[in-house]
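Here it is, the structure, as structure tokens.
Letters A, B, C and D name the chains as they come in the text, with residue numbers starting at 1 for each one.
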Amino acid sequence: MKNTVDIQNLNDNRNVRIDKVGVKGLKYPIIVEDRANATQHTVADLDIFVELPHHHRGTHMSRFIEVLNAYHQRNLVAEIEHFVLETKDRLDADSAFVNISFPYFIEKQAPVSGIKSLMSYDCFFLASHKDEFEMQIGVKVPITTVCPCSKEISAYGAHNQRSIVTVVVKYSGYVWLEELIDIVEAVASCEVYSLLKRADEKFVTEKGYDNPKFVEDIVRDVVVELRKDKRIIEYRVESENYESIHNHSAYASVVGKRDS
Amino acid sequence: MKNTVDIQNLNDNRNVRIDKVGVKGLKYPIIVEDRANATQHTVADLDIFVELPHHHRGTHMSRFIEVLNAYHQRNLVAEIEHFVLETKDRLDADSAFVNISFPYFIEKQAPVSGIKSLMSYDCFFLASHKDEFEMQIGVKVPITTVCPCSKEISAYGAHNQRSIVTVVVKYSGYVWLEELIDIVEAVASCEVYSLLKRADEKFVTEKGYDNPKFVEDIVRDVVVELRKDKRIIEYRVESENYESIHNHSAYASVVGKRDS
Amino acid sequence: MKNTVDIQNLNDNRNVRIDKVGVKGLKYPIIVEDRANATQHTVADLDIFVELPHHHRGTHMSRFIEVLNAYHQRNLVAEIEHFVLETKDRLDADSAFVNISFPYFIEKQAPVSGIKSLMSYDCFFLASHKDEFEMQIGVKVPITTVCPCSKEISAYGAHNQRSIVTVVVKYSGYVWLEELIDIVEAVASCEVYSLLKRADEKFVTEKGYDNPKFVEDIVRDVVVELRKDKRIIEYRVESENYESIHNHSAYASVVGKRDS
Amino acid sequence: MKNTVDIQNLNDNRNVRIDKVGVKGLKYPIIVEDRANATQHTVADLDIFVELPHHHRGTHMSRFIEVLNAYHQRNLVAEIEHFVLETKDRLDADSAFVNISFPYFIEKQAPVSGIKSLMSYDCFFLASHKDEFEMQIGVKVPITTVCPCSKEISAYGAHNQRSIVTVVVKYSGYVWLEELIDIVEAVASCEVYSLLKRADEKFVTEKGYDNPKFVEDIVRDVVVELRKDKRIIEYRVESENYESIHNHSAYASVVGKRDS
């Protein structure tokens, strides 16, 4: 190999600090903590970034993957703080950021028959380390929403649909993904299952009809619950209802902080 | 420019005819025929391919775009046969294929208030010319489906959801996209609108509840209508119901021909 | 119609103000301003939201569509301020927000042959009105990036790939989408075209090789240009390089303000 | 529960056999066979369908999930024939179909440094049972393609890009996903890695430049290899090149059979 320059190590005089630079959209098998079963295997999409000072020409992309590979077959989520710190150190950076999103599976029991099945939830972790470690966790929870207006004005029936509720929180202590999922499912018109027998389908239909909620109600009811929880420092809650009577969605979102 | 070889024109001895080669995923503004308004402007995703004989090394990708550019600001759909033939001739090929998919807009009237709004439908044309010109047209129609089982077993209410019904037909004569859309909307539990006032929402809720349909019913009812139409030579009908009580879809599909 | 309650108008005592509520993912044909041709027809994805005070139970979703429908066949972008204000007024809200994203087409000339073709760029407007009207405009520009490290260390060749550069700006006065696109294309290893003849392909290959850029270089060079422009108040610049030698992307982003 | 009708069991007189009906888009954790490590954990998207005779009103959607759940934590791929047969039996159907698609991970060694990293490949199984069990397996392999024309006409450099090559085969005996992946990577201008050090990057750059291939070459070279393999009965090969000098793809596809 000829005597080449390590261009990434050159000085840069454009005076532009780069907030985030690194690798994006990397698929990787991971192990995550699971409240019911200790751990579970899943597959993540990963973004891993560092801050780049204005005087450095480039970062070293291969080092991101080297750090990650050392965590193969380990519980990346349990070790997330070490992973972010190690990325920051290995890249010699002032800050590091890791976004991990993955499908997460929970065994649920149908409400009447008690029959069990697995439900998938898209979940994510947003971890960073500048002066200190910070982490946000998020869930996307599918639910049924029944329209209160449709129920009120109609002689019978009510339009309903699948909605996806996203909750992202910054917290102190420890919060399980399952806790956020429970909050959302508890405020839904009805929760969603992979497997329902006839008696279950009757139950969820009637429960939904008895419990109609607007998109506004969903996000408010989630916020009310989050505000009760002392561990929650910041939250973002949104719901997208894939309306059964339209070809577009109804949507609502709320962003808040503990003391606001 | 140095004296270079036109590599695409070289001979090839691997003895592999290429069924389709060309450009894919090209966005392009197009004008399409519109039953109500003569024409409408929209934006298409285009794939344009030809067959490549086994003895030719490569096709000439730039010629696909040259042919297309000559149709800019013209009614590409009205001239689709010329466009396919011109592609075939310009590329000196035995066959040419064009796939055009685009959102198509129709003004609908709400069922009670009569208030008007635009609905979008994803539509597509699959045109080809080997020995003769052939064309299939397709529509993806959002509808409401109300579950007959849920209605039957529940004391009140019934789960319902947005479904997307795809119909693709090969035909003789002329068939409007609007005709296929009308067939699907007529067999739905209820059709979908962009704008509904209170009296309309009551109407669609009750109509849906009065008219429950399984995913199987939807595709069968569409097929029954297509079979009545002498112009329809071949059809493919599918429905995907984005179940409001599950995190997955219910799905059904039927493929058929006139004489089968 | 029986004597029903207008549930959306009920009071709410959960004490949760909703930051954004409305319709999302609505497809709509629009007319936008075009520097070269006065206007062009395209198709947008629209999100239209308002703020909902804590004491109101629900917004009136149908009114969003009613406001929008009044702008059918008008230049929605030229009238965007009126559209946002009218949404705010019609929904009786303290704030309104409109996100409009759409493919935008520009006729480009190949660098040597001068042959013309249309390029598509995904563009967007983020408009809002709280106490005053605010607007951000954004572009996603495909470019070629050639890797400086690969060129430096290799005896010949250099890996290169398509990259998508996103630029979003808040500004005073008027800024054309074309101006942002021009800035990005000028700092690329080479710009991208829909149609290139042989002499053009030689030109873009050699230009790219002469002009290698890291993902960090791209975002910095765009920022340097934006900082020179007195109209730009805030900016966000990111580049995603779909690496030809990896199955993931290289990524960089910078956020900044005029006085920072 | 009131005395309700099992509507799905009703007779149907529309005379329309449904080719495929069932569940679609179900996410599920699966275990698959792995040539290097016996098994690996991943996450699948599943479609599970049966044929429905013309005289049956509806299928029983919950049974699909019941059959699937019995395979939780088992090697679904090793037992795929049993799974399809059990679906067919449990649904009392003449045919059953299962589509399983999932990211699959292989540890690769960088070509010079020998450093190891994981690469992800999107893979899929298409299994069915009518009179007998049939299975197709497929892989989507990311590779680098360097343009021969660009190299030939340019004084230096050559445009290159990431391409995705899809290979689907029907076979006798047993074929590893890894075998199909190996075929594609062997005919690429250069294969793709997650982790490359400087010496590796020099190697892949120069190897790609030494080995330019059109999209037509890629599909032909794969077909030539498949034809040599007595196990391969039918194949479909396609390549989509995400051109670095355009905003669209170059594409080629070939479909073939053993005796053709």
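Assume contacts are C-beta pairs under 8 Å (C-beta built on N, C-alpha and C of every residue); 3 or more make two chains touch, one makes a residue touch a chain.
Since we're looking at a predicted model, the values are computed, not measured.
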**Q.** Touching both subunit A and subunit D (chains)
**A.** B, C
**Q.** Label of the chain whose CA centroid is most distant from the centroid of subunit B
**A.** A
(Q) What's the rotation angle, in degrees and to the nearest 5, for a C-alpha fit of subunit B onto subunit D? (A) 180
Q. Among A-D, B-D or B-C, which chain pair copies the contacts of A-C, with over half of them the same by residue number?
A. B-D
Q. Roughly how many whole angstrom separate the Cα centroids of subunit B and subunit D?
A. 25
Q. At what distance in angstrom does the C-alpha mean of subunit C lie from that of subunit B?
A. 28
Q. Which whole number of Å gives the spacing of the CA centres of subunit A and subunit B?
A. 34
Q. Going by the touch rule set out above, which residues of subunit B reach two or more other chains?
A. 1, 4, 26-27, 120, 149, 153, 155, 194, 196, 198, 202, 247-248
Q: Please name which positions on subunit C make contact with subunit A in the complex.
A: 1-2, 4-5, 7-8, 12, 14, 16-27, 47, 49, 52, 57-59, 61, 148-149, 152-153, 155, 214-217, 219-221, 223-224, 240, 247-255
Q) Okay, in this complex, where on subunit A does subunit D touch? A) 1, 4, 6, 26-29, 40-43, 62, 65-66, 69, 72, 102-103, 105, 115-118, 120, 194-199, 202
Q: Using the touch rule from the top, collect the residues of subunit A that touch subunit B in their complex.
A: 119-120, 142, 144, 146, 149-150, 153-162, 190, 192-194, 196, 198, 201-202, 204-206, 208-209, 242-248
